[in-house]
Structures are given as structure tokens and as C-alpha cells.
Amino acid sequence: MNDKPEKLIDKKGVRLDGRKPDELRPIKIDVGVLSNADGSAYIEHGKNKILAGAYGPREVHPKHLALQDRMLLRCRYHMAPFSVQERKSPAPSRREVELSKVIRESLEPSIFMEYYPRTALDVFVEVLQADGGTRCASITAAALAVADAGIPMRDIVVACAAGKVEDTIVLDLMDEEDKLGSADVPLALMPNLNAVTLLQMDGILTVEEFEQAVNLAIEGCKKISAIQKETLKAKYVDVKEVEE
Amino acid sequence: MNDKPEKLIDKKGVRLDGRKPDELRPIKIDVGVLSNADGSAYIEHGKNKILAGAYGPREVHPKHLALQDRMLLRCRYHMAPFSVQERKSPAPSRREVELSKVIRESLEPSIFMEYYPRTALDVFVEVLQADGGTRCASITAAALAVADAGIPMRDIVVACAAGKVEDTIVLDLMDEEDKLGSADVPLALMPNLNAVTLLQMDGILTVEEFEQAVNLAIEGCKKISAIQKETLKAKYVDVKEVEE
Amino acid sequence: MNDKPEKLIDKKGVRLDGRKPDELRPIKIDVGVLSNADGSAYIEHGKNKILAGAYGPREVHPKHLALQDRMLLRCRYHMAPFSVQERKSPAPSRREVELSKVIRESLEPSIFMEYYPRTALDVFVEVLQADGGTRCASITAAALAVADAGIPMRDIVVACAAGKVEDTIVLDLMDEEDKLGSADVPLALMPNLNAVTLLQMDGILTVEEFEQAVNLAIEGCKKISAIQKETLKAKYVDVKEVEE
Amino acid sequence: MSSVITRLKQKQIAQLIEKGKRLDGRELTDYREITIEQGIIERAEGSARVLLGKTEVMAGTKVELGKPFPDTPNDGVLTVNAELVPLASPTFEPGPPGENSIELARIVDRGIRESKAIDTEKLCIEPGKKVFVIFVDVYVLNHDGNLIDASALAATAALLNTKMSKYQIEEGEVKLTSGYTQLPMKKHPITVTFAKIGNKLVVDPWLEEEQVMDARISMAFDDDDNICAIQKGGNGYFTPEQIQEAAKTAKEKAKQLRKKLDW
Amino acid sequence: MSSVITRLKQKQIAQLIEKGKRLDGRELTDYREITIEQGIIERAEGSARVLLGKTEVMAGTKVELGKPFPDTPNDGVLTVNAELVPLASPTFEPGPPGENSIELARIVDRGIRESKAIDTEKLCIEPGKKVFVIFVDVYVLNHDGNLIDASALAATAALLNTKMSKYQIEEGEVKLTSGYTQLPMKKHPITVTFAKIGNKLVVDPWLEEEQVMDARISMAFDDDDNICAIQKGGNGYFTPEQIQEAAKTAKEKAKQLRKKLDW
Amino acid sequence: MSSVITRLKQKQIAQLIEKGKRLDGRELTDYREITIEQGIIERAEGSARVLLGKTEVMAGTKVELGKPFPDTPNDGVLTVNAELVPLASPTFEPGPPGENSIELARIVDRGIRESKAIDTEKLCIEPGKKVFVIFVDVYVLNHDGNLIDASALAATAALLNTKMSKYQIEEGEVKLTSGYTQLPMKKHPITVTFAKIGNKLVVDPWLEEEQVMDARISMAFDDDDNICAIQKGGNGYFTPEQIQEAAKTAKEKAKQLRKKLDW
């Protein structure tokens, strides 16, 4: 039903939604949005609307899954049936299974897993509306949910993609750029440690373009990280003020 | 393939199968019909042919499902593939899952669950042939199967539906009345305690009509309860006579 | 796409692939072909290419499946999606479930199950390419995998089919004979004990023809048993020589 | 919760309710604060978010082309699904739908279907061959009790907010064209749930009340004050008098709730 | 059962059988009492209930329109399914079919299919496109041993009792019309099962015998005394002589059993 | 493995690697010995077996007729599946695909798809209606580490070996005729995987290295030295410098590996 746009980026380097190549989409983050979850966060990143909740440390069921020397991290990335153009069956797709794995592996390096042996930390991500870059926005929100649950962390993971659209390396691809562009490089970062915890890529890039994309994605991550930290600070300052 | 009848009930209040509005279909009940089950019952209610079996109190598998202070009641309502017009897949449908739940909840108030902590009571219902009102006939049979298993009970639950057909509130809807009528109100009762343990409704009724339907269904339950009790008495008298 | 051949066997008793009625297809067996499995074997029997691996005795998961007085034998017969003309879904078919059961039951009489109580022996069979007679070739390989794992055995089970093609009782049916012939009698044998541990049949045979087929299949088993034993001997002699 | 605390709390809650009071200060027939937002998911054909106190439920609709059922060749198809999303409660687990989410979906479905809320005949494109299929997905995001009423309300609100593509038939093929029409709605079903605690009925039980209740009963009403669906749940029972009392109260509550919907 | 009691019982049963006797008084080649009722489920196109001692099996058939398999475009389709219904035995559990019910269904299927019991060519409506599909559902209601023979007998009896709608082809569409014809049957397969206990074979093992048997063997025969299907089961073995003995006995038993069918 | 031994071994392996050495004698950027056999499964349209040291992976292709996806009506369809067959490792269990086999299949799939290895337009028979569907089934037979590279290599080798039936269109129906053509391949993607152990990267980790690695990264290259797919895995991280180092090394390694393919 969508007609293919003629150009994803014009001569002046302006993209379909008016952004410059190194510009992020609008981002809005909230933490502590759910009353039952131990920690939670909500993110709007472009048209993505994503909710993340964390439960833990808590008992592991079934028990034989418990790890003797560390916490068990479990993660589920899931899309609401109404989050995409064509209704998505609620049963987990192969894509959702893979993304659940890479999101878990992007968070795990940041968490002091050894502090809570024999317990589980469950992170649930629900994509309520999907635009390009759901996995990155999910990681950004999930890391905040874990922080909001009071789990000790080395750093707060943040994620952003870069990619290639026509001949330009651009930051933070939206849906049409993701689908019609020539490469997408989602990346998650522990910004204080300069450590990449998620890296995927599909499309076609030279090694040099890839290097540029990685650097641009890291820059994007750092900008989003600032928003993450403001959000957390605002919440805990609010709480402190309320407590005083 | 079935042609819709012109009228479900004629001017004299006679229904398609010749019954009066407040008349039950023919009912035949047997108890103790299976050699392996701890308790069992067979009911023919109209064209419904339903077998119920109870196993318990018995060990719970898997063990973590066991309840520390009471028996675990499990219930499965299941239709044979050949019980209906079009072959039903043997995998449980969403309808069967829901009915299993409401049947379990209709029986549970009648059973002294606290007498057998850490055990399970499994009630299995197999619909061999389906007419209107399978859930009610299933409850009537299942309660007898539990009684036949020697499980202590407050009362023997019994069930019957009332509903609305054209402009009349009628008792015990058969298949065509269920499908073409305007409302169906299945109800289960502990008759000695005057307590309703199942109540569902679909269709359109005013509050007043609904009140009439509930009262009619309760009357129907009481009549069926008498048949239940005769059947039980007959069996145990027979046994006693044989023993003497 | 395959055209039906005019005759499966000619006047001189020569079969489609040039064999005589009582002749086996070419057979090639290897043992110890996998580095991870405790025991393994590979068989080419006609165009069948089958790999078998055994793990055990090992811990049973989940634990409640363990048997107090004997080993638990588990067996999975599975076909690779590319092993047959039309791609086979990797999910186990009803046929594969049945064959897993009868293969397990054909091996179990030969194994001293009581030597390793509370443990499991897992036998996995993967059909990489299927010709007629996969179940028999699978058993021949699986028995060797169990022997290669060092599990004590009464005898090494071997399997072969006989059947009827046009009017002749023949040994070891290949694919086309299996599909177009009139009967197939797969049989597994403990040759030293003269004990039949698998017997199935489909098609049409008189009792007398069936007797002939059984005897012919037993003869086939004995010939294959000799190949099995040579293979084992060769491997262990090799090992011995290497060790010296 | 340990059964000792449960019993203490049950006693406390029941004693309060016996006096006509509730732990959170409500009257027995009061709902918690209700917020309804419609149209929040642009990708969905219709959507709504309902807050019932801290209980949060989202419903989204999708409209697709499909086949009618053989016995209703002139009617569009309604499919309701409910997910008890695991972030909504520590007791929800990921995995295929269990009996609670199936029951929830079927209760919501019955309210819509039996009230004839949707004018399904207007969803027919070609009798027996092509109709619009309406998917309603109920998504429970935070569970603080009374999921049934919140879900039913979110579903009705999302349907009221649903747009369908216009279409043309060209050479026997259905082509979606630009522009939208509103989903044709005839009724606005509202479901009202009671918990039985001790011998009293309370409207809109929150989680603490659900944990101690004997049984619950839910009643759906259409715009003409007719009952169109009922579901009793839980391991307890109701007296016939309590059922009649519930029906009368629910009729009034449904009218009040319906006013909160925009259409 | 604990393994001590199992072994004691095995010894006792085996000692009796060694002397040609059985715990329930039967001869080694006797069946238990057999009752066959046909046509008991009016909703099904065909049905039968078989009692073999206390073992009770019901079979029902449904006839539907469907597509033939690509390699047999002129033949109707047979589908056999078996359910080990959980009320039939404390060892049966609800859930998807396990290896025992799958094996049971496939044994029953092979007996019917290999004997060419159904004249499948007469089930063809339009070659390659439209045929009748026959579903046979075997429903085990009480398990007291030898489910195979009871199930195979119930299936054959239900098929003999099966009626199919008459039809007309109007403008390329199949229309079912009023009236029925009998399912065209060419053969009446009968399956006979032996348990091996000690070194003896016994016909129609009941549950207590199955619990101590080494192995079982089942043989299906057609009306012309041909074997059409065999299945060995269990963790033991048979000698070639025992197999031949079984075949000869089964041939006679099958003839006797077939007489109990009405057609 | 107990965590004490793991830690000892990790230390030993990491210490060696720190000095640029590996337990099995390889350089940090060496692959193990590679054997590729193509065309070993005659029943499959294409097949290959890859040995990477003791790691053994088979890939088989099947070509079937099917429908294109609605958004790519002119392209054939590629479907990649991976099975971690339980005989390949004591840690693999039978059952539906888990996250590891799904991830493996999707990595292999992306390498082929993103490099545009197959000329999918040539697989179109009738736009929007009929295309060839290529199934690639990766079958892991022995797991001694680095399943990703072995699987990707086996898949590319099997595709190179794949033949498709010739066909004619007669009266609107596709008829397969005798004779075959080669699957049209434009590129030959190769995937190179690194493990990070301590602060070093090693190419082609074997099982002992995988058990102690912090993280892995896999990069697929096309014939023009472009990266076409990347996947980081494992519970550790990489520095941006390590990622750039990996990309440069992988580019060279991919070139070397590609030479081992026959086409």
C-alpha cells in the first residue's frame, strides 16, 4: 500500500522526515511506569512505542535452571499483534526469538550477575508500536527497567543504529530507511566503559563505511545515554523531593 | 444441510420436539460404568451422550503443582471428534479450555477440598455425542463421578440451562433452540444449599427475563437432582443387596 | 516424476538393480565416526545413508523419568529434511514417532539394562539419505553405536527386510520394490540367540509366503551381522595396533 | 502470599465490607478512577488504553480481508484475543495462552458478539467469499484487579476508534483504495464485574479484593439495558438473590460507564 | 506396581500359563467375551462400541469432502486417529498423542489400508480434485488390556456401519443431496494379538498379563486368510518358531472373530 | 565442567593466547583444517559436507514450486533452517528449534540474502504467482566449535552444487521436464568468526575456546570484500578497536576460504 519514495535523502542531505544524516529521531523516556514490575520503563523513539519491565532478583522456576554462582538473566522481546502493519500472530516468531537472545546478551555484560546467585532476573519487552530500530529502543528501555528495579549495574546500556541510505552513512534509521536503505548496523554500548555489547549488521558496506557507521552509532548511543540519565535523575530527584 | 425450522415453538407453546416450555428432555443416568476410574458416570440428556470419570485423591504430577492445604482439582472437558456434525480436531479448542475451567469451578464449591491436602482429584469428561447443553449435562455427570469415587461432598452439583426461544422463556434447550433461540442461561446448583456454582449467559434478555430464566433453570436443576439421587441410591442399594 | 517400471523382476529372476531375489544391496559400515558421541556408526545400505550416535550411560533429565532398577533407553529416529524426494519438515512425523518406538524395542532385548540403574542411554538415528529399508539399516547402525559406546550387550542386533515383489519372495527391498511390491517384512534379529526383536509387515502374504519371507530376512540378517562384526573387529584391532 | 496473612487480610477486608466499606475508601458499588484514551497506536486500525485505578489494558484492532464462516456468508468476522503480558504481573508467564487469558478473550468476545455491537453485515464485500475480518487484541499491561471490565471497555473503545480501508472491486479482485470509513457500530457493550466477599458483593474488585474473594460474576449490557453475556468465575457460589441484585446494580453501572466512551 | 509384586505375579501367571492355564480361567487361545454394538452415535457417519472383557473402545467415522493425495488422484483418503482418553486408565494423561496412541492408530490404519478394506476408488468424485475423506477416530474408554484388537475391531465395525451423503455435481461444484449410500467395503480386516509370557503365547492378553509379558505380536488378516499387517511390540523377542505358531493360530482366530461382525 | 576447572582452563588458554599461541598449536588467525565435499546426497538438489577440524556440518538443499512473497512478486524464495542434531553434542537435545539453532539459521540466512548470493529473479516462473522456493537445511553432525562458519560454508557450498528442474508452462500449468539447470548464483558469501578471550581475538574458535570465551563476533563477506552481515554473540563485549581489527582480518580470511569452494 505504501508507495516507494523517490529519494530517501535529498541533495542537501535532508532525510524523508527532515533530519540531517547524524540526527536522532525524537526520543521520550519514562521510568517506573508500571506498579507491579520491580522496574519498568517506557520509550518513544521515533514512532516506536515500547514498554519494558523487569522482575528480579526472584526465585527461579523451574528450579533446575538456577545457576549456582550467578543470577539467571532471561529476556523476552515481544511485539503486540497490533504494533505492525499486518497483524502479527502473538506466538513468538523466529525473529523475536533471535532478538530476545541478542538483547539479553547486550544487557548481561552490564549487570553484576554474581551478586544474586540462584535467582532470576526476567526482562520483558513489549513493542506496542514498531518503527525502524525496535531492538535498539528496546535495549535502551530495558536497561532502564533493570536500573529502576535496583539491580546493581556497571553501566547503563544504550543502543542506537547507524546505516547507509543511498550513498550516505546516517544515524538512527526509521522504518522506510531500514527497509529501502542499503545497510543497517544496530549497536549497543556501555558508554562509560566504551564497550560494545550488541552489534549486528545487514546490507552491504565496505570495511571503511562500516567503520564510519560504527562510530556514528556510538555517537548516537552517547546522546541517548544522556537522555536516559536525565530521566533517571529526574525520577529519583522527584522521589527524593517527595520523601523530604 | 439443515433447513431452518419456521418456528421453534408453536402457538400452543409446543416446542420442536414436542416439549412444553418448562419440560426437560429425557434423561438417563448410570454410575460406576468404568472399571479403571475411581468414580464414573454416564449420562444421556436429550441426544447428549457423555461419560465422566474421576481419579483421586491421588499423587500430583508434577509435584510442584500440589497445594499444601487442600486437594488440587483438575478438570478436562473434551469432545470426541465424531460427537458433532463436522469432525472436531482432538486438540483442545479454546471453547473446551474455557468449559473445562467453568466446570471445575462449578464442582469445586461442593467438594471438601481441605480433606486431602497435597493430592489431586482429576475429573475427565468425554462428550461422545453433543446436543445442546453439553456443559450442563457434563456437570451433572461429573458430580456423580466424584461422588462415586467416594470423595466427601457438601452437596451433589447438578446443572441445567434455561433460555429464551422466540418470546418464551424455556427450560433445557436442545441443539436447534440453542443455535436459533435468543438466549441461553446455563446454571449449576448445589440444590440443598440453594447455591449457584455456574452461571453463564449469552444472547439478549431483559433483567426481568433473566430473573425468570434463572428461576426456571433452578427448577430444572432440582428435577435432575432427583434423578441423580435415585441413580446413586439404586446403585448402592444394589451393591448392598449383592453384599448381603 | 518417476515413471513406473514395467516389471520389478524379470523372467530370469533379475531385479531392477540387477540383484537376484536373495541378494543384499551393497553395504558399507563404519564405527566410531563422531568425536562427541560415546558411540557412533555410519551405514550405507543401498542408497540409505544413516548416522547413529549413542550417549550413555548418563544422567537422566528430567530426573523423575529415571528407573530405579534399570537403565532408561531412549531412541529417536529422525530424517533429514533433504533425505527424501520432497522436503520433509524437521518436526517429527507420526511415522518417525512409531519407528523410534519399534527401533527402541528392537534394541532393548540385547542390552543389559539392569547394569546401569537410574541412568539413561540415548540412541539418535539420523537418516541423511533414504532408500527402502531405512528402519532396518538404522537398527544395524544403532546397535553398533551402542556397542561402540561400550555398553554390555547380549548380542549385536541386526536388521533386514524381506518381501514380495510380483510373485517372488525377495530379500532387502530397495525404494521402488518397497513402494510397488506387494509386501514388506522388516525384521531385526539377535543372531547368536536366534531371537527376533523387530517384526513388522505390510502388504498381502499367505501364511506360507510369510514364513518364507521371515526365513529369508533371517538369512539376510546373518549376512549383515558378519559385516557388522568385521567392522567392529577391524576398528578394535586398529586401535590395539595403534596402542601398541 | 502465605495463607495466614491471606486469612487475616480476608477477615479485615470482609469485616470492612460487612460494614459497607472498602480498604481503598470506595463504596461497595463504586468503580475506581477510569481513564480512556483512544487512538494511541497509529499503526493499528483502532486502539484504546484504559486505566482502571492501576489496572492498565490496551486494545488494538486490525482489519484484514478474509473469508466469512460458511454458516454466516454475509457477515464479517470478529476475532478476539487476549494476552496476559508477563510484565503486567509476577504471576503471568510467557508462553501460549492459558485458561485465564482464553476465558478473558471469550468473555470480551461474547459481550461484543451477543450485543451485536458491530454491524457485521456491512463488513461483507462479496457474500460467501470476501469479508472484512476484525481482530481485537486485548493486551493487559498492568494487573491490579478486574481485568474483565477493563478489557471489555478497552475493546469497545478500540472498536469505536476503528477505521477500515475503502475498497473497489476491479475485475473480481478487491482493491483497497485511499481513504477510510469508520467501523459500523450498532451497540456499545459494557461489562460490570462483582466480587463476592463474605456475603456481600462489591463492584470493580481490585487485586487485594480478588485475592480474598469467593467468586466473581461479570455481566455485559447493551445500550438498551439488556443483559447480553454473563460469566461466573472462581471457586465459590452465589445465591439466586445475589444474582438478581447483581443484575440490577450492573444495569445502572453499565449506563454510567458507557457515558465515558466517545463516539 | 512395585517390582517385587510384579515379579511374584509374573511368576504366578507364568507358572499357570506354563501349564496351559490363565488367571481368569481362559484357555491360552481364548478371547474374552466380545460385544459389538454398531450405530450408537447418530451424529457420526458410522460408529461402533466394542467390549473385550472390560476393555471398552468406541470408534466413530466422519466423512468429509477433500483432496486426494497427488500420487493417488483416483482414491479417497483414509485417516485413522486414536485417543487414549484419560478416563480410561490411571496411566493415560491428557495432552497431544504420545507414542502409544500413535502406534495404535498406525496399526489400525495398516490393517484397513493393506487389506484394501475400503474400495477407495469409489470415493473419488473428481480425479485429482475432489474425493471423500474418511476419518476413523478410535476412542479408548476403558483399558483392561489388548487395545489393539479391540480398536481394530471397533474400526472395522464402524466402517461397516458408515453411510456417505449422496451428491450431485452442479456447474462444477459438488452439492450434497438428501439420501445416503453405504461406504463401499471390500474386506473386513481382523487383528489378533498374542502376548509372550515365559515361553508361551497367549491370545488376547488382559491388563494383568500385559503388565508381565515380555513382548506382544499383532497380526491382521483379510477375508481370504492372508496376512496384511504385523506389529511386534514390547521389550522382548520372539523365536522364529513362535512367529510361525502365532501366524497359524491368528489365521483361525481371525476367521472366528470376523463372524461377529454384521454386514 | 565445574567452574574451578573452567577458570583454570580459561587462565591457561588466555595466558597462551596472550602470548599469541593456542592449545592446539594454531596461530591466532589460523583456521583448522577444512574439508569440503559437495554433492554427497543424491536425493537432495544440492548438498555439501564441511569438516572444520572435528566440527562436521552437512547442508542439503531442496527446490520446490511455491508462491513469492507479496512484496517481492518477481523473486524466488529462500528458506534457511538449522538443526542442532542431538547426536552432535551431549548438550543438544531433541525437540523444536531453540534459540541457538534459530540464531544459527538466521545468521546463515542473512549472509546469503544480504550478499544477494542467489539471483532470485531467475527463480521467478510467473510473477506474483509461481516461483522456485529454495530450502537450505543445515544439519550439524558433530559440534567441536565454530558452528557458524562451518554452517555458512556448507550452505554456500550446497547452493553452488544445486540443480533445478527445467520446466515448461502448458495451458497455464507449470510442468517439470527432464533435465536440470544450475541454481543461478551471483555471490559466494563467506562468514568468519572470532572469539574474544582475555583481550585477544582468535579466529575459528574450537569448542574448548568457546567454553572460555567472553564473546564472539561473526562477519560475512561477499566476493567484492564488502561486509554483508554481522552478529555479535555471547555475554561479553568488544571495544570499537577490536571490532575494526576483526573486520580487517575477516576480510582477508574470507578471501582465503572462498578459494576452497568449487564453482
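In order of appearance the chains are A, B, C, D, E and F, and numbering begins at 1 in each one.
By definition in this document, a residue touches a chain if its C-beta (ideal position, glycine included) is under 8 Å from a C-beta of that chain, and two chains touch if they have at least 3 such contacts.
All values derive from a computational prediction rather than experimental measurement.
Visitor: Counting one step for each move to a touching chain, how far apart are chain C and chain E?
Guide: Minimal hop count between chain C and chain E: 1.
Visitor: Going by the stated contact rule, which chains contact chain D and chain E alike?
Guide: B
Visitor: Average the CA atoms of each chain to get its centre, and name the chain whose centre is farthest from that of chain F.
Guide: B
Visitor: Which chain has its C-alpha centre farthest away from the C-alpha centre of chain D?
Guide: C
Visitor: For chain A and chain C, what's the span in angstrom between their mean Cα positions?
Guide: 51
Visitor: Centre to centre, by mean C-alpha position, how many angstrom separate chain C and chain D?
Guide: Centre separation, chain C to chain D: 58 Å.
Visitor: Indicate the whole-number Å distance between the mean C-alpha point of chain A and the mean C-alpha point of chain D.
Guide: One centre to the other, that is 32 Å.
Visitor: Could you give the separation in Å between the centres of chain D and chain F, each centre being the mean of its C-alpha atoms?
Guide: Roughly 48 Å, centre to centre.
Visitor: In chain C, which residues are in touch with two or more of the other chains?
Guide: Expected reply: no residues.
Visitor: Could you say which residues in chain F touch two or more other chains, in rising order?
Guide: 97, in rising order.
Visitor: Tell me, which parts of chain D touch chain A in their complex?
Guide: 40-44, 47, 54, 56, 58, 60-62, 64, 81, 83, 85-90, 94, 96-97, 135, 137, 139, 141-144, 176
Visitor: Under the definition above, what is the set of chain A residues touching chain D in their complex?
Guide: Per the stated touch rule, the residues are 1, 34-37, 40, 47, 49, 51-53, 55, 58, 76, 78, 80-87, 90-91, 122, 124, 126, 128-130.
Visitor: Quick one: which bits of chain C touch chain E in the complex? Just the residue numbers, please.
Guide: Chain C residues touching chain E: 68-69, 94-95, 97-98, 100-102, 105, 108-109, 185, 190, 193-207, 210-211, 214-215, 218.
Visitor: Considering only the defined contacts, which chain F positions touch chain A in the complex?
Guide: 3, 97, 99, 102-103, 105-106, 110, 113-115, 215, 217, 222, 225-240, 243-244, 247-248, 251
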